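Could you have a look at this structure, given as structure tokens, before my questions?
Labels run A, B, C, D, E and F following the written order; every chain starts at residue 1.
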Amino acid sequence: MRLRIINPNTTVAMTHKIGEAARRIAAPGTTIVATQPADGPVSIEGHFDEAISAVGVMEEVLNGEKDATDAYVIACFGDPGLLAARELTRAPVIGIAEAAFHMASLISTRFSVVTTLSRTGIIAEHLLEQYGFRHHCRRVRAAEIPVLDLEEDGSSALARIIEECHRARDEDGIGAIVLGCGGMADLTETISREVGLPVIEGVTAAVKLAEALVGLGLGTSKHGDLAFPRPKAFIGRFEGYSNLTRER
Amino acid sequence: MRLRIINPNTTVAMTHKIGEAARRIAAPGTTIVATQPADGPVSIEGHFDEAISAVGVMEEVLNGEKDATDAYVIACFGDPGLLAARELTRAPVIGIAEAAFHMASLISTRFSVVTTLSRTGIIAEHLLEQYGFRHHCRRVRAAEIPVLDLEEDGSSALARIIEECHRARDEDGIGAIVLGCGGMADLTETISREVGLPVIEGVTAAVKLAEALVGLGLGTSKHGDLAFPRPKAFIGRFEGYSNLTRER
Amino acid sequence: MRLRIINPNTTVAMTHKIGEAARRIAAPGTTIVATQPADGPVSIEGHFDEAISAVGVMEEVLNGEKDATDAYVIACFGDPGLLAARELTRAPVIGIAEAAFHMASLISTRFSVVTTLSRTGIIAEHLLEQYGFRHHCRRVRAAEIPVLDLEEDGSSALARIIEECHRARDEDGIGAIVLGCGGMADLTETISREVGLPVIEGVTAAVKLAEALVGLGLGTSKHGDLAFPRPKAFIGRFEGYSNLTRER
Amino acid sequence: MRLRIINPNTTVAMTHKIGEAARRIAAPGTTIVATQPADGPVSIEGHFDEAISAVGVMEEVLNGEKDATDAYVIACFGDPGLLAARELTRAPVIGIAEAAFHMASLISTRFSVVTTLSRTGIIAEHLLEQYGFRHHCRRVRAAEIPVLDLEEDGSSALARIIEECHRARDEDGIGAIVLGCGGMADLTETISREVGLPVIEGVTAAVKLAEALVGLGLGTSKHGDLAFPRPKAFIGRFEGYSNLTRER
Amino acid sequence: MRLRIINPNTTVAMTHKIGEAARRIAAPGTTIVATQPADGPVSIEGHFDEAISAVGVMEEVLNGEKDATDAYVIACFGDPGLLAARELTRAPVIGIAEAAFHMASLISTRFSVVTTLSRTGIIAEHLLEQYGFRHHCRRVRAAEIPVLDLEEDGSSALARIIEECHRARDEDGIGAIVLGCGGMADLTETISREVGLPVIEGVTAAVKLAEALVGLGLGTSKHGDLAFPRPKAFIGRFEGYSNLTRER
Amino acid sequence: MRLRIINPNTTVAMTHKIGEAARRIAAPGTTIVATQPADGPVSIEGHFDEAISAVGVMEEVLNGEKDATDAYVIACFGDPGLLAARELTRAPVIGIAEAAFHMASLISTRFSVVTTLSRTGIIAEHLLEQYGFRHHCRRVRAAEIPVLDLEEDGSSALARIIEECHRARDEDGIGAIVLGCGGMADLTETISREVGLPVIEGVTAAVKLAEALVGLGLGTSKHGDLAFPRPKAFIGRFEGYSNLTRER
């Protein structure tokens, strides 16, 4: 199967890291295509960044539709554009936040999230509510590191994440920790070893969920509210979206 | 005060209608600037349309910031880009769905929503959940009319909306009806008279809420998760968003 | 329009303060009639005080109905008698707790309440649940000051409220603070300046919401469960309520 | 033990019926004192009636405190003044709505409520939400009979209630029915026999719950928010409530 | 009436203690039969212990059915096998966790639970959610004592429970404490005296609730999902459950 | 990997069918061991059947622990003994109800469940609540067929399931259907083709989720409340569970 992982920000190094993490975990028959939008923010740290990034996510899904894609992963912890992306394809589309929440709820009764900046906590909270995991998550914690610090050698980012994970383990009454940023895709093992409980990261979780759905022959339902967009005119820069052919 | 009403779709006739409805209801000192994005879909009937339209909403907010805007209204019932728009300004930003829900809950104990297409019902449901009105809304109903039918003379759209409103009144145990589309901004009185109970429409509700907030000296909190976006690089088409000056 | 603000307790000084706060914020065309019951407690600090005060609220609404009232505000943070009052009139009736919650949710994603005594916290919690704002409110805090201390010169009440507001700002992860007592109607600006985030107070919020509803031509729905009370006999002291004429 | 059953309306015949139902079910050592306010509505069919009736409930609790009362029952399905009444006494105070909901949830997984008028359904819904039984109740149904029809010989009230109970049994997927009016206290057996599933009525349920709490040595907690009212001045008709002696 | 109290663990001393606590509280006409399974764990401190203990609970209910039992109590705070046991009988079956939660919610607005081990907290949380008391319970606390320490003379168990109850009283904003273990059935008075607020323990609460239901003529509904098990074959060790006669 | 699928009932034909369905879907490297308890009911159609079956599930997990098992699936739609089973192993344990709910929520916004008998609907409802999917499920429907009818040639079971699925599709506003019985493991394709929307069945979903978790190196958290059972004495028939060695 051909799995397109869309890093919604435009930092190529992060796409590379995410792609590598995905390849390490993917099944033998899975080809990972890691990509990022041509246009958009270098990191996603709030609602505005996320709203803009969603356009790039859409474009990468449309590109994927021309590339025989079997499944998509949206590799930013806010799952930007998730439901919109689902409208564009019959393939499954998985967000890394939802993937991590689902997996965490299967191996623990309660988990905490450790994310980058506290200002993005509200995004995680809204997703937990929409997806149904509000009561499974004890607390959304922030290590207070900007996303791109995760890309810098010698940054103290890892140490601060581990420190926050220790607090989560000791104070929250949890069985597992969810890492709340796509840029943490390579840290799972290190943190899990340090902290001594299961650590779930969304990119890898989403790859395996996508493989699972494809294996089941399941894709996004085209019956009801995730059906292909109604064909219509778009104008200006977005003219290209006019009358998208429904059956790809 | 200067109130910028952003019609998130690109149908000028609808912007005009929305602007007119707003002007009829606005206080004497309120100047209504009705606008729509330069780029985007002619109507919004699903998650994809909404995701694309959010970019235009952002641009219209940024335009508004250069135009001494005191408050913003996002005039599509899915409140596209609402939290993102709030990050961009100290002014209040009101979505017409939230405005209608708030007002309906102040004059009735339970209400129903009558929207255009059933496929958009999920958008209303998610907003009801996020805003806290899930239990105040008995039912989200659809008249099954495309949004742009509301712009066509001689269409049966109004008749079908009224028919669905009658059903809501007779079957749902409600005290009020919320109209679920910005394109219904001119229908409130007619429908209310026909159906015999209060009918709330979001554009007018949002104008009055925006005036209320401005009158109170309240604007979007810049403390915490609605603070201005962190300055950063954007690339490609969105390069212009790089390092947005925080203090406008 | 003629707006009747009912201070549910019988402390005239508080009525005066509430009336002044309302007048400062009211639109030019709004006449504020501030009033309090002839009978009842001098302050409301629990369920019993509230239950008794509701009778006075009813009487003041009935008085208002003879006085061409366009809207009512119930100016105690427990919104005593709110739904009962709505049955008595076609005009909108707004409680100051609900008003503050609605406004806070429009300018922040999460807020905290700072009220007078911790024993009244449960009243705020029940209202948050009923109105749908449970998840928007991080915490209900008490400054542990009796209500009437707010009326005394030289009291330490303001200092203690500010102190609690600082804690809310620093510990709760919020964007705004709701002041939980009608007697704080004159403190909003001072506290907001001290604490550095938006502070919402219910009296002023309710005045603007009432103006907004009247501006929209919306009043309490008389269809369904807020219809006028069924006419019937009352006996004893309440005989005067017998067979209230429905159409006022 | 001495159990004071307060019929919150002023219809003596209903008090008599409620008292009789209570005596039939009471344990040998329980003395039933059935009473009603001197002042107030002859029936309670909405929020206004309920708000006024709460004053009489308070007075009857205060009368009870002078009468060595061991427990109180508030015998109207809206539980008017329940939390306020609890502040006035160390004895347990039970509302008949809560009593019925508790008992129904112990013998079935899901129940429906059959009440008198649909306009009072909202009161039951709010109580279900506050008490925690929202998901245990499938539906609140109304037989559309005024409360006092239950007192009239030859009325069709019973037949209509039974008819609605049959619908509840056949359509709602329930195991039990809760009767939603104190005036139905004598109908439980008849209806249960007719409908063929357990029927719970609040007066009798509350009597047994009150006996149970007294048997356990449990009364209303005076620690925290149900403590005795803070002593203070009341003026006018309610002057007698000034500085209520805390320890009765 | 004949009340069978089933201690789901196999520690006879605990059965004895539970039986004594029940007899002290039971009404004159109530005969207490305290029993425990022939097979199973000596204490219940997790999901596995609970799952195994449920078999013994079933057997004790079936034994009770041959012994003219009028009501059952399941005396472990996880309410193991509660709904299954209800299928087996027309009599009421009460779990001690639910009993304690119901009673606590009748005398306080908010309570906390103090249980033995933190690992069992999740069981209490799941029950609070299922029964509807999630928002009535502020916190589930653990004294971190193994269940059988409660049976040992000279253990520090009581001191640690009291210490945790003090913390609950001082930090949680509650009106009552629920003791979260059947083995605490004899500690209620001591703890309540020490801590100064109402302490509810489930065994005694369940006895009185069972008496209340029997007094009302109410038993487990046999209409719908708690009907007798469908007759069928069981094999192996459980062959004896084949085709249980429905009408006992 | 070695995946043990435990059919909690004792009908070997159903185990065979479930095993076949699992093998068809399993990845090349996955060995399916399909098994059922030696003791217990031939079908599970209520709480009692489920409680008894949980013992067999435990035994099959313990057997699996001696058989180098990498993951477990509990193949009954009530997920009997799920949390208890998780305590016994470091491997992941997946219930088929949860598996189906998770997968359905990834490809649709709302789904309905079609199960066998309406009396088991409550089990599904409780699971939906505990897992967080209450609002994702529109309705739990029953085809009113006993479980073992699914094993009989020439039964009308399939036709009735399909009929109910058509109703779900047409009336519920859904995007997917969840089949609510392990015995339907071979019907997914047929039904999906007939009904025209995605149909999710739990056995196959659970196999892929188990593979996903194993692929991620994730197993049941042993930190916190799913840790191995505390070692202790069991007596009688269950003596063999005494002091289970913790580290398997």
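The rule we apply is simple: a contact is a pair of C-beta atoms (placed from the backbone, for glycine too) under 8 Å apart; a residue touches a chain by one contact, two chains touch by 3 or more.
Keep in mind that what you see is a predicted model, and the values were worked out from it rather than measured.
Contacts with subunit D and subunit E are shared by C, F. Distance from the centre of subunit B peaks at E, each centre being the average of the chain's Cα atoms. Over half of the residue-numbered contact pairs of C-D are shared by just one pair in A-F, E-F or D-E, which is E-F. Residues touching across the subunit E-subunit F interface largely coincide between the two copies, over half of the numbers being common to both. With centres defined as mean CA coordinates, subunit E is found 44 Å away from subunit C. Taking the mean of the C-alpha atoms as each chain's centre, subunit C and subunit F sit 52 Å apart. Those residues of subunit E in touch with two or more other chains are numbered 83, 86, 109-110, 118, 121-122, 129, 134-135, 173, 224-226.
All chain pairs that touch, listed by label, are A-B, A-C, A-E, A-F, B-C, B-D, B-F, C-D, C-E, D-E, D-F, E-F.
Those residues of subunit E lying in contact with subunit F across their complex are 10, 37-43, 45-52, 54-55, 58, 81, 83-88, 118-122, 126, 129-130, 146, 224-227, 229-230, 232-239, 241.
Touching subunit F in their complex are the following residues of subunit D: 109-110, 135, 173. On the side of subunit C, the complex with subunit E involves touching residues 118, 121-122, 129, 134. Residues of subunit F touching subunit A in their complex: 25, 27, 83, 86, 92, 94, 98, 102-103, 105-110, 131-136, 169, 173-176, 196-198, 200, 204-205, 208-209, 211-213, 215-216, 218-221, 223-226.
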